[in-house]
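Pasting a structure below so you can have a look.
In order of appearance the chains are A, B and C, and numbering begins at 1 in each one.
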Amino acid sequence: MRQQLEGSHAVASAVARCRPRVIAAYPITPQTHIIEHLARMIADGDLDSEFVSAESEFAAASIVLGAVATGERAFTATASQGLLLMTEVLFNIAGLRLPVVMICANRAVSAPISIFNDHQDSMSLRDAGWIQLYVESNQEAADTVVQAYRIAETCALPVMVCMDGFFLTHTFEPVELPTQEEVDRYLPPLRFPRALNPARPMTLGGGAEPDNYLEYRASQHRALDDAAETIAHASTEYAQVTGRDHGGLFEAYRLADAHTVVVALGSVMGAIKDSVDALRHQGQAVGALRLRCFRPFPSQALVRALAGAQRIVVVEKALSAGAGGILACELRACLQQAGSACPVHGFVGGLGGRDLTVNTLTAVIDAAAKSPAPACRFIDCHETGPLETG
Amino acid sequence: MDTRDPFRENVLAAGHRACAGCGEAMAARMVTDLIGSEAIYVAATGCLQVFTTHNAQSAWQVPWIHSVFANAAAVAAGIEAALRARGDNTPVVVQAGDGGTFDIGLQCLSGMIERGHDVLFVCYDNEGYMNTGVQRSGSTPHAVRTTTSPPGRLRAGKRHLKKDVLAIVGAHHLPYAATATVAFFSDLQDKVKKALSIRGPRFLQVLAPCPLGWDHAAERTVEVARLAVETGLFPLVELEYGTPTSVMHLARQRPVEDYLELQGRFRHLFASDRGREEIRHLQALADTHVAHYGLLDPDRPGATEASVAARRHAWGGYARPRREPSS
Amino acid sequence: MATALHEIRFHGRGGQGSVSAAALLSVAAFLDGYEAQAFPRFGSERRGAPVEAYVRISREPIRRHNQIYEPDAVVIQDPTLLRSENVTAGLRDGGFVILNGEPPATATSSSAAVWLGIPASRIGRACLGRPLPNTALLGALAAVTEWVSMDALEEAVTNHLAHKGEEVVLGNIQALHQGREAAVHPGPPA
């Protein structure tokens, strides 16, 4: 049954239906409504779960680590500063190959302090060994968090579901929640063979030496690469159970005959689709590709999907200061590796909650057809005019 | 560049964006005016930081730094170390909320005290994470309604007791720690002055009612703070080297209901038997404070001069002499 | 609904329920069978701070998640905002301004907008015991625009406020209708 729900409420309800036994979190805008809804459900007896109000995000991540290591499904959510504070533990969780699931309510990072949306937080954790999925809508957020548990528990890899702070978390829009019965059918109980258990004692988190550390990392890298297939499967099987499919590794929009392809992550894709339609109306062969899975980076699938493009316009909400856009950089690398000479126009915008409007995006895409590809340009940067040279 | 407004003398200038009736704004204005502008102020993330430095504006007429939520005490330690290295006696003052003190900030606070830094740490305690939307903290009293400890079919608000951070801090045997509140200004004034006269780590916990989070009328902030003290729920005490050396005695102990009934965050306790049981628990807690600190007993001997001196000798090392200025 | 998309911008202060009003409107539009979206723009939790909230109502699925720059209607919950914020920025010609209070003289005489002053705080005080203007303003908005039905608004209010008790729900429904009345039959100035 479709309902008009706030994004936070939708994902909290979806999480609840996954039957987590431990929920640990520390409040940070714009994640707060997610954990408040869960607290409310538990207080009313609608969710049987331990709610642990952690003393910091570092603790919250550690608590879910401990819970999953004990063989129970867990959940946490955070954003921005909180995610960065968790960093050490997130690398640790991934190295321990624990199937932890979390939501990152994407928010800009300090300094300067900003509560508004961009992707700098999760992008800064791209090396941590977590699967990262970025969603476009609240419907997708609710569906993806369920898939996240399936993916995590199949691959023994942690999964971070990234949803845009405020633009999604605080937005009311129609959502059809998966029913409890659908979730139970899709998501079997967690079976974690390495769980801490006196009956089968195991040591988790031991040391490594120069003669074996590299093999751990290589196997982790391979596991992430192999997860791409699981992620795609998880999506199609979810579609079979619920009828809803948001794409596996990416979503293509009017891509087939597109000469210019816009590549982006997250909810900005909505405005991008409106821009694409506007430009198509004017006769331009424009399309878009929303990257849903950022880690593992689906190089081969992207190269195939973008084979017909004459130019690619990346619009992203994060950067590696001193180097440039992150997504643009990775995309250029995988295209070059595949022998493609397709120019990639790198744009960074929407930082700290700056609105990326349909008009602005249309202008950016339109200009791309007429100009050489910039390495990294800021969209709507007031300092030097609408398109700053980078 | 001196950006101070020549017509505003307060350390914390008016025009900031606090809610009407904000206890923390009141407390911060009182405390910082007592300390003055010859000091370096370090803020933890929280209400005070948010409403005084929003978006390219600042209400602070003093050198002021905010880093992240957890590290104010550590940043202050670094500032103090730098000042010490060049023989500079400028006071270093931390201003944190209860989150930045009781929970996420506790590690750095402990480290700063343990190493004996000459820093005054002021906690404005509004008993919750307020500017993120009234979530519970370790400072939230038990049975309080917050958004992460909502009353419901199975719950009567926060399940866990308010953390006794004064005892935790006091267990470091630091030279001075005290509780205060906005309702008793001259008591607060004496305590700030005393803290400023002492070298080494010092700690003040100032109870600051929050009309939004505690759900009381904005004009009753001082009244609510007074009742917290007069019920015994928030005793006003001073610790030197961890030993209580003075308390604010009560002429009489008000029943906790007088305090609870003014605040919507306790409203659910008046609506059920379970709630009323929690009121009895809160009364027992208040009674325990009264007994522990002798709040109704003006004749109870506190620590003697000799015993305080002995502790100072035993735990000494905090009162490190300042290096002389280098030139 | 004649045109494809209606965009409404709410202006209020923290604590006046602007965010709730926007959410309620979107729920009502959804109940009427439309696609709807609502979201706020504000900073940290603080009573009295200016807040904006946005609502889109459409027959088609709404994909973009941008702020609203060219609203078809503006709802102003606190008249003091007229002095400090550009609350009618971008309002389309013929757009509606639903104001809690009396429209300023300049407004009604010179603009291309349709101004409507509703004594929403007074209605709130009468129906709810507190000067909460939002449901009265929603009733007025429904009346002049017909973008959402009163039935749907009633249902949205009933569900959204159920946890606050029957008295609160009934008071808000009363306020909805009085707001509508005030829009349809403007009385003497408040």
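What we mean here is this: a residue touches a chain if its C-beta (ideal position, glycine included) is under 8 Å from a C-beta of that chain, and two chains touch if they have at least 3 such contacts.
Source: prediction; values computed, not measured.
A.B. asks: Most remote chain relative to subunit A, going by C-alpha centroids?
C.D. replies: Greatest centre separation from subunit A goes to chain B.
A.B. asks: More C-beta contacts across B-C or across A-C?
C.D. replies: A-C
A.B. asks: Taking each chain's centre as its mean C-alpha position, how far apart are subunit B and subunit C in Å?
C.D. replies: 41
A.B. asks: At what distance in angstrom does the C-alpha mean of subunit C lie from that of subunit A?
C.D. replies: 34
A.B. asks: Where in subunit B do residues touch two or more of the other chains?
C.D. replies: Where subunit B meets two or more other chains at a single residue, that happens at 132-133.
A.B. asks: Listing for subunit A: what residues touch at least two other chains?
C.D. replies: Each of 29 in subunit A touches at least two other chains.
A.B. asks: Hey, what residues on subunit C touch two or more of the other chains?
C.D. replies: Residues 43-44 of subunit C each touch two or more of the other chains.
A.B. asks: Which subunit C residues qualify as touching subunit B in the complex?
C.D. replies: Subunit C reaches subunit B through residues 43-49.
A.B. asks: Which part of subunit B faces subunit C closely enough to touch in the complex?
C.D. replies: Going through subunit B, the ones touching subunit C are 17-20, 47, 50-51, 54, 130-134, 211-212, 218.
A.B. asks: Any idea which subunit A residues touch subunit B in the complex?
C.D. replies: Spelled out, the residues of subunit A in touch with subunit B are 25-29, 32-33, 35-36, 39-40, 42-45, 51, 53, 55-57, 81, 85, 110-111, 113.
A.B. asks: Which residues, counting only subunit B, touch subunit A once they are in their complex?
C.D. replies: Answer in residue numbers: 45, 66-70, 102-104, 106, 129, 132-133, 135-136, 138, 147-155.
A.B. asks: Where on subunit C does subunit A make contact in their complex?
C.D. replies: Within the complex, subunit C touches subunit A at residues 22-23, 26-27, 30-31, 35-41, 43-44, 62-67, 69.
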